[in-house]
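Shared between the two complexes below is chain A, which has chain B as its partner in the first and chain C in the second.
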Partner chain A sequence: MRLKVPVLAVLIALVLAACAIVLAPGTSYALQDRDLPLAGSSVHHLAGTDALGRDRLTRVAAALLLSMAGSIAAAALTTAAAAGVGAMAAFAGEGVGWAAMLVCDVFLALPWLFLLMMVRSALPLNTSPGNSAEITFFVLAALGWPACARAVYRGALRLKSADWMLQARAGGLKRMQVIRHLLPNMLPLLVPQFLISVPAFVIAEANLGALGLGVGPPLPSWGGMLLELDNSAMLLQTRWVYFPVALLVAVLLLLEAVAVED
Partner chain B sequence: MDARYAGVARAELSEEAARSHSLAGLVGAEIAGWARGDAGISRHFGVPVSELIRPRLAVTGGLLLRSVLLGWALALCGALMASLARRTSFLWQVPATVLLAVPTAAMATVCLISGHGGPVLVMALLLAARDFKFLERALRTAWLEPHLLHGRAQGIGTRRLLVAHVVPALVPQLFALAGLSLVTALSALVPVEVIFNVPGLGELAWNAALNRDLPVLLAITVIMALAVTVSGMASSRSQEWKSA
Partner chain C sequence: MRFPGRFACWILIALAAPVARICAAQAATRLPGELAWTIGYDPKTFDPAKVDDQESEMVRYLTAGVLLRFNRHTQEVTPSLAESWTVSQDGRTVTFRMRQGLKFSDGSPLTSKDAAWSVRRVLLPDTKAPVAEEFVSPAGVTVDTPDASTVVVRLPKRVVGIGKVFDEIAIEPAGRPSEGRVTAGPFVVSDYKRSQYVRLKRNSYFAARDGSGNQLPYSTGVRLDILENPEQQIRIFTRGGYDLIESLPPDYFELLKKTAPNTVRDLGAGLNTEQLWFNQAAASPLPAWEKSWFENRAFRVAVSQAIRRDDLARVAYLGHATPAYSFISPANTVWYDSKIIAPHTDVAAAKAGLKRAGFRLKGTQLVDAAGHPVKFSILTNAGNAQRNKMATLIQQDLGALGIEVTVVALDFPALIERMMHTQDYEACLLGLENVDPDPNAMMNIWLSSSENHQWNPSEKKPATTWEAEIDRAMNDQAVSANPVVRKRAVDHVQQIVADEQPFIYLVYPNVLLAVSTKLQGVKPAVLEPQVVWNVEELRTEVGR
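Then we have the complex of A and B:
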C-alpha cells in the first residue's frame, strides 16, 4: 500500500501531462509538417517528428490518453459483467451456476487473440478510426470477463455461506435487500480484478495495433507507434522512435505496480 | 458499385458481399467444409483450408514445444535460485517484472533489430517471466513447510530435499501451470511469427485477418481452442492420476 500511493501519483501526473500536451493550443496529433519528416529533438518538437512530420510527443501523449481511457472503460465493463455473472451464478441456484461456469470455460478455452482477429477482420472496410478504437476496446472487454467471472464466482460462493449472509436470509431479508448488502462486500474481489485488467488491455491493444488490427490511423496508438520500429531507415535516422516503447513499458510497470497484491 | 468495374468483376463482388453478409450462408459453408474434411475453401487463396494448415502445423508445433521447454527451464532455474537465496531474489524478480511489462510485439521487434535472439527466445522469455512468478511463489511457500525446515536443520542436502519432497509436492501445481503455459504461448504466437516471418499458423491467421479470409481464421481458432481444451484436460487428468 505504501508503494501504491506514489505510483498512482506518478500515473496521474503522466496523464495530466499528456492532457496538457494534447490540449495545448496549436497542437494536433494529425498536424503534419511536410518540411520536417523524421526530425530529431528541437524546441518545436521535443521528441522529434514521425515519417509524416507529425509531432511525436503529441502523438505519444494522445496514444497514452486513448489507451488509458479505452483500457479503463473496457476494464470497468469487464468487471461489471464478471460481477453480474459471478454473483448470479453463485446465488441463482446450482443449474444456473453450472451453466454460467460452463459458458466461462468455453470462453476461456478460446484463444482470445484469434477471436479478436476474427471479429476485427469481420468489420466493414470503411470503419472510421474512432469506431475502430471503440470496437477494439469493446471486443477486449467482451472477451476478458470469463476469467474475472470465475474469480468473482468463487468469492461470491464464500460470501453466500458467510455468517452475516445466513443471518440476513434467515431474518427474512428480500433478495434485493441481500444484493444491496452483497455489493459492498464484493468490492475487495472486484477492485483487484479491475486493476489487473487495465494493464492486460493496454498490452493487448498494443499487440493488436502492432499487427495492424488495432486502432485505425490517423488516430495514434501504442501499437501503431510500435509499427515504426519496422522501418529500419527510420531507426538509423532518429533514436526517438524508441521513445513510445520506453514510455509504454514504464506505464505498464506503473500499472502493474498498482495492480500487484499487497 | 463503381460502373468502371467489368461486369464479371461486379457480379463476383456482389456475390462475395452477399455471402459475407449472410451469416447463415457463412456457417453453412463452414459446416459443409468441415463435413468434407477440408475445413472449407480459403477465400484469399482459393484452396482447401486443410491444405494451408497442414504444413504449418509442424512449424508452429515445433516453435511452441521448443519455447515451452526453454521457458520452463529458465523459469525453474530462476525460481529455484530465487527461493534458495532470498537476499538476491530481486536479481530474478526485477527482470521477470520488466519482461512482463514489455509487449510481445515490441520484444520481438527489438530482438529482430538488434540481431540477437529469435522467435524461440522471445516466446521462452515471455513464458519464463510468467511461469517464474508462479513457481517462485510456490517454491518459497514449499521451503517453509515444517518438515523441510526440520530436514534442512538436520543437514539434509538441498538437492535431496528438492527431489524427494519439494518437487513431488509441487506436481499438481506444475501440471496446472503447463496448461497455462500453452495459453500464454498461443497469445504470443501471432506477433512473434509475423515479426520473425515464421511460416506457421500464427502468420497464416494474421494474413487471413488482413485479407478477411474468415474460413481460414475460423479453422485456426478451432484448432487453437482444441489444443487449449486438450491440454487443460490432460493437466486435470494428470492431477487426478497423481492424487489417486
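Then we have the complex of A and C:
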C-alpha cells in the first residue's frame, strides 16, 4: 500500500498536466500547422508536430485524457455488470449460476478483437469522433465483463458460505437486507477487478486505434499515434514520434503498479 | 515490487508483430543474372486472357508475346510478333503480317493460326476476357488467316486506338492455353509459391534481338516476390535484394533520397488522379435532403473551392504531387487541356456560392435551407497514408465553411461493397489508375450507363443534361478518326467536368521510383510498368 500512494500521485499529476496542456489557451489537438509537418521540438511545439503539423504534446495529452476517462468509465461499467452477474449467479441457485457461467465461458471463447472490429465497422459512417469514442469504450465494456464476472462469482460463493452470512440468514434478515450487507463485503473483490480492467481497456483501445477502428479523427488516440512507428521514414525525421509510445508504456506501468496486490 | 506478469504478456504481444515482420523480410535466393522486384499480392490468374488485376497484368506483360507492343516511352504502337500491320481506310479491317520463323518457348512453331486462335479466344463470351470490351462489339468481330503469316481482324465498327488493344492479347499455342508456361514473350512462368514468389525464366526462343544481333532478353529470369510492405521492400532493396521499386510512397522516397540518393527518381506528375466525389446514386439509402446537397452543383463547387490542393500536395505527398483540376494530367501532353476554367481555392467565393444556394451559418455550423446541419463522412481505404492524410486535411478545409466532416477508413473490400453494391456512403476519396493516355480508355468512367460511373453508376438514361452531353462527346471521340475532332470532344468533356465537379480532382501523384544503380538499360516512363516496360533490355551488372 505504501507504493501505491506515490504511484497514484504520479498518475494524478500526469492527468492534471494533460488537462493543463489541453485546456491551455490557443492550443488544439486538431489544428494543423501545415507549414510545420513533422517538426522537431520548438518553443511553439515542445514535442514537435505530427505529419499534418498538429502539436504532438497536445495530442498526446488529449489521448491520455480520453483514454483514461474512457477506460475508467468502461472499467466501472464492466465491474458493475460483473458484480451483478457474479452475485446473481452465486446467490440465485445452482442452475442459474451454472447457466450464467456458461454464458461467461461462451463470451470468453469469442474472438473479441474480431467482434470489436465487426461492431466498430458496422457503425454508421457519419458517427462523430466523440460518439465513436463513446461507442468504442462502451463496446469494450460490453465485451470485457465475463472474466471479471467469473472472478466475482467465485468470491461471492465464498461470501455465501461465510459465517456472517449464515448468521445473518439465521437471524432472519430479509434478502434486501442481506444484499445491503453483501455489497461492502464484495468491495475487496470488485476494486482489484476494476483496477485490472483500466489498463486492459487502455491497451484494447490502442489496439483498435492501430487497426483504424478506434476513435475517429481528428480526435487523437494512442493507437493512431502508434501507427507512426510503423513507418521508418517518419522515425528518421524526428525522435519525438517515440514520445506517445513512451508515455503509453509509462502509464500502463503506473496503472499496473496500482492494480498489483501488495 | 514483483514484475507484473500480465503486463509482460502485453509487451510480448506488442513486440511479436514487428519482430515477425523483421524476420519475414528475407527475400528468396537470387539466381545468377536474375532480376528481382516485388508485386503486392498473388496474381489472381496466370491465364493471360483473363487478366483483371494489376499483378496478373505484370506477369502477363513479362511473359506474353503480342502482335503489337505499345511503347511506354514513345507512347507509340510498334510491331512485335507482327512484322507489320495496317488498318483499312474505314478503320474496320486490321491486317497483321507475322514475322517468319517464330517459335513458342517450347520450340513449337508459331503461325497465324495461333495468333487467330488467341484473338478469337479473348472474344469468346465464355472466356470472360476483360480486353474483349475494348473491341466495343466483340460478338461481331471475325478473325481470318488467309495464309500462315497473315491475320485479318474485321470489326463491325471502327475502334479508336485499336492497335493498343493487341498489346493486351497474348499469343498462345492454338488449343493449348498454358497459363504462362508456354509463351512467345521474353519469359515463361517457371515456379510459383503462393504468398512467396513468382519465378519466370528466360524464353530462349524469344524473337527479339538487340542492335548487335544478341538474343534478348539479357537477364536469365525474373523473380517477383509477393510482398506488400514498403518497409521490407526498402530494406531488401537497399541490401541489393531487389533491382527496383515502382510506385514508391512519398515518405519512403524521401527516406531513400537521404540514404541512397542515386537510386531514386521523381518523374513528375503521372497519369493517375486522386479525387473526391459525392454519392448521387438514385438508389442510395441517403436521406432526400442530403442527396439534394450532393446533386447541387453550387454545393460541389463550393467544396472544391474550399479545398487547398497545394497543401494536399505539399503535406500529404511531401511535395511529390501536383494539384489537379481535370481528369487528364498535364503529363498527358496530347490530351490535357491547359485552358479549362476550373474552381480554384477561394474560400470567400465558396461561402458566397453556398449562401446563394440557400445554405447559411447557424453559429459555426452550416445548415441548409430547411435547417439540416451540413455534415457528411468521407470514405477512403485504410492503409493508404496519403489518402487518409488528404481526408484529414480536407476535414479542416471544409470546417472553414462550417461543414462537419467525419473521416472513415475502411478496408478495401468493405469500401467496394458500399461503393458498388449498397451505395451506402456520402462521399468517397479514392484514386484512379490510368494505364492508357488515350481518353478512350476512360469510357467506362464517363458513360452514364457504366457501372464505374462512380457518382451515379449504371444510369438507365443520363440523369442530367450535362451527363448526356458527356455521353455524346465521349461517343463522338470514340468513333472519330479525326484527331482534331477527338481532341475537341475530349476538351469539351474536361470543361463540363470542371464546371459540374462530379469528381473533385485533388492531386496527380508523381511517379516515384527507386532503381538500383546496378540495373542497366533503364528508360523510366510515366506509363506502367514504369521501369520494366523494356524488361528484355534490362540486366544487372552481375548478369552481364
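To be clear about the criterion, the second predicted complex is superposed on the first by the 262 of 262 C-alpha atoms of A that agree within 3 Å, B and C clash if a C-alpha of one lies under 4 Å from a C-alpha of the other, contacts with A are read in each partner's own complex, and residues count from 1 in each chain.
We adopt the following convention: a contact is a pair of C-beta atoms (placed from the backbone, for glycine too) under 8 Å apart; a residue touches a chain by one contact, two chains touch by 3 or more.
What you are looking at is a predicted structure, and each value in this text was computed from that prediction instead of being measured.
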After superposition on the shared chain, which partner residues are touched by A:Asp230: those of chain B (first), chain C (second), both, or neither? both
So in the superposed three-chain picture, is A:Phe194 touching just chain B, just chain C, both, or none of them (first/second/both/neither)? neither
Where does A:Phe91 make contact in the superposed view: on chain B (first), on chain C (second), on both, or on neither? neither
In the superposed arrangement, which partner chain does A:Ile203 touch: chain B (first), chain C (second), both, or neither? both
May I ask you to decide whether A:Gly212 touches chain B, chain C, both, or neither, giving the answer as first, second, both or neither? both
So in the superposed three-chain picture, is A:Leu52 touching just chain B, just chain C, both, or none of them (first/second/both/neither)? second
When the two structures are overlaid on chain A, which partner does A:Leu252 contact: first (chain B), second (chain C), both, or neither? both
Scan A:Trp240 for contacts with chain B and chain C and give back first, second, both or neither. neither
Chain B and chain C footprints on chain A meet at residues 121, 199, 203, 212, 230, 232, 252-253, 256
If you look only at chain C, which of its residues touch chain A in the complex? 1-2, 4, 6-7, 10, 231, 234, 249, 251-252, 254-255, 258, 308, 311, 314-315, 375-377, 379, 382-383, 385, 388-389, 392-393, 395-396, 404, 406-410, 414, 424-426
Spell out the part of chain A that touches chain B in their complex, as residue ranges. 108-115, 117-118, 120-122, 199, 203, 206-207, 210-213, 222-223, 226, 229-230, 232, 235, 245, 248-249, 252-253, 256
Of all residues in chain B, which touch chain A in the complex? 97-98, 100-106, 109-110, 113, 183, 186-187, 189-191, 194-195, 205-206, 208-210, 212-214, 217-218, 220-221, 224-225, 228-229, 232
Residues on chain A engaged by chain C in the complex (per definition of touch): 3, 30-32, 34, 37, 51-53, 121, 125-129, 196, 199, 203, 212, 216-218, 230-234, 236, 252-253, 256-257, 259-260
